[in-house]
Amino acid sequence: MSPIVKLNNVSKSFGSLHVLQGVSFDVAAGSVVAIIGRSGSGKSTALRCINGLEKINSGEITVCNHHLHHDVTRAQLRALHLDVGIVFQSYNLFPHLTVGQNIMLAPRWVRKQSKPEAREHAAEVLRKVGLAEKFDAYPEQLSGGQQQRVAIARSLAMEPKLMLFDEVTSALDPELTGEVLKVMESLARDGMTMVLVTHEMAFARGVADKIVFMHQGRVWEEGGGEMLSAPQTPELRQFVGNGL
Amino acid sequence: MTYTFDFSFLAEYWPQLLKGLAQTAQLSLLSIIFGFLLGTLLAIGRTAQSKLLRRVCAIYVEAIRNTPLLVQMFMIYFGLASVGFKLSAEFCAVLAIVINVSSYTCEIMRAGIESVRKGQREASDCLGLTWLQSLFLVVLPPATERVYPALVSQFILIMLATSLVSQISAEELTSTAARIDSMTFRSFEIYTVVALIYIGLAFVFRLGFWALSRLVFPRLRRLGTPL
Amino acid sequence: MLTTFQMQALLTAAVWTAGLSLIAFVLGGAVGLLIAVMRVSANRVLRGIAFTYIQIVQGTPLLVMMMLAFFGLSILGFDLAPFTAASFAMVIYSSAYFGEIWRGGILAVPKTQWEAAECLALHPVQRFWLVIIPQGLRISTPPTVGFMVQIVKNTSLASVIGVAELTYTSKLINNSTFQPFIIFSVVAVLYFCMCYPLAWWSRKLEDKLNVAHR
């Protein structure tokens, strides 16, 4: 099966800072890929490039048959965003809308669903993340973990072919982290293709089909979960050592 | 001091004052509505990508905010007439006040728009909303809710400032007062009455804007806390 | 274009505008400080008086206040020059706004400062005037300077009771030359030259304060 995401020699710099220096990796349909690495190694940037939030300087990215290069148009990006969902570390829920309205916004305005249709669908994804009773609450009335689960539900409501997660648990207390990870795990079981940046090594090892270790803007090592127990490079050995 | 106050003219002139009050309220509401719309457009311009657009909007705002409304009004009323545009005093009045209030609204709304974090825009982009949709559905509503108190203060000031249009002989409360004054010579009394009417109107406006906020900001209605 | 005589008249008028602004700022500031202190005082009656004063002044158009000052003072038997009446109105007007601005500043002084002052065994009056007021005024410098722009612009309303400041003079000149765009543009530029530096200064102060508080 051809990969759903393919990064080919992608480079990205902010001014004189070369954040990505020839990054290549694939994501097979239905698989879970975890990106790990030290702070500043370019993990978030790689994820944001996949979603077109950052424009790349050279190389090529193919995501769900959309081709991204250094000059993509707004229309191309919009088409891409219909296929790819993303969840941010800082939730980014819309504070003036209820949970239900947050989830229904895009289906109604982008997918042109009718209100009852969008409502039913929203209730369904909300049930999936275990927050059915919070439909009419405002984001500020929820805990961090609940907000993050709503953010996941909001992305799911657009029925993306691919979901991106950028350190979605790192702003949360350990107890709240668990409930979010559980939701992501069940998504993986349902066959959703996912790319996640994470610091949760145990989670990466347990759920990911492939782990990509990034270091200094490059893919330093990649492999299955066993890679963490038998690192090939001193950098990964040190990183795993610190993490455990 | 042997002055005796005499408010007896009210018996005869109160219908005129009532009419003036209605005209002032109408003039104020028109100016507020159009001034808010124009000001929001300008605020969008001031936060736009295009440097030129930002510049143009900034110059407009600074030019208006640093010159008196009365002079702006004279320039529009006498100026347009001198080049052959015969416009009614009322139209010129609304035009001048709208221009004036738009520049203040612009600065207030700009602060509101800038208070919406970048992540909100990114999130709405990633959900596939168009630029215009995310502006109207994601950016402007919380922006307006946050600066609403400042907007209301500005709108009250504008309501009071509509008294200036009496100077280009447009019809409203203050010009009505001047007319009654010229017939009764009870200057102090009539302006006292008019001041009280303005104070009452300011109170009613505050109340009205409070009610409006509960209507247009459902989150505020439910939670009652500032965003 | 304008004759030298007209230009001279405008510059003289500009001096009156500046003078009226200065009076409104200094005297209005003094009264405003009193209002602000009353507004935050522990005494209920004083607070109520200050509150009512502010509500009344902020609910009345300055134009109407000009008229009331002009006719009211003459009833009281003072046969006053319009300039005095205009000054009176401007002082009342600006004091209410200053009172409100400074009240905000005083309330923005952190609670810990009150406590610290108490621990230094300062007398309550000393506490207030030596510790709280200076900080409160400092916090409110940007809006204070910003309001000075409003003062300068609003002196234009003194024209309605015949004070020969900029706006009044420009109207007179327009009545004889019938070149409204030219004369009012010149006057607008003169106002701009007085206001813009203040607006700019206010913004600079605000930026500085924001940086200090970060």
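Residue numbering begins at 1 within each chain, and the chains themselves are lettered A, B and C in the order written.
To be clear about the criterion, a contact is a pair of C-beta atoms (placed from the backbone, for glycine too) under 8 Å apart; a residue touches a chain by one contact, two chains touch by 3 or more.
From a predicted model like this one, the values you see are computed outputs, not experimental measurements.
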| item | value |
| --- | --- |
| Both-way neighbours, i.e. chains that touch chain C and touch chain B | none |
| Central chain of the complex, centres being mean CA coordinates | B |
| Two chains sharing the most contacts, counting C-beta pairs only | B-C |
| Maximum centroid distance from chain C, chain identifier (CA atoms) | A |
| Between chain C and chain B, distance of the C-alpha-averaged centres to the nearest whole Å | 21 |
| Gap in Å, rounded to a whole number, between the CA centres of chain B and chain A | 46 |
| Euclidean distance of C-alpha centroids - chain A vs chain C, Å | 55 |
| Residues of chain B touching chain A in the complex | 117, 119-120, 122-131, 133, 137-138, 141-142, 145, 217, 219, 222-223, 227 |
| Residues of chain B defined as touching chain C within the complex | 1, 3, 62-63, 65-72, 74-75, 78-79, 81-83, 156, 160-161, 163-164, 166-167, 174, 177, 187-188, 191-192, 194-195, 198-203 |
| Touch list for chain C against partner chain B, complex | 55-56, 58-65, 67-68, 71-72, 75-77, 149, 153-154, 156-157, 159-160, 167, 170-171, 174, 178-181, 184-185, 187-188, 191-192, 195-196, 199 |
| Complex contacts: residues of chain A adjacent to chain B | 51, 53, 74, 77-78, 81-82, 84-86, 88, 90, 92-98, 105-106, 109-110, 138, 140-141, 154-155, 158 |
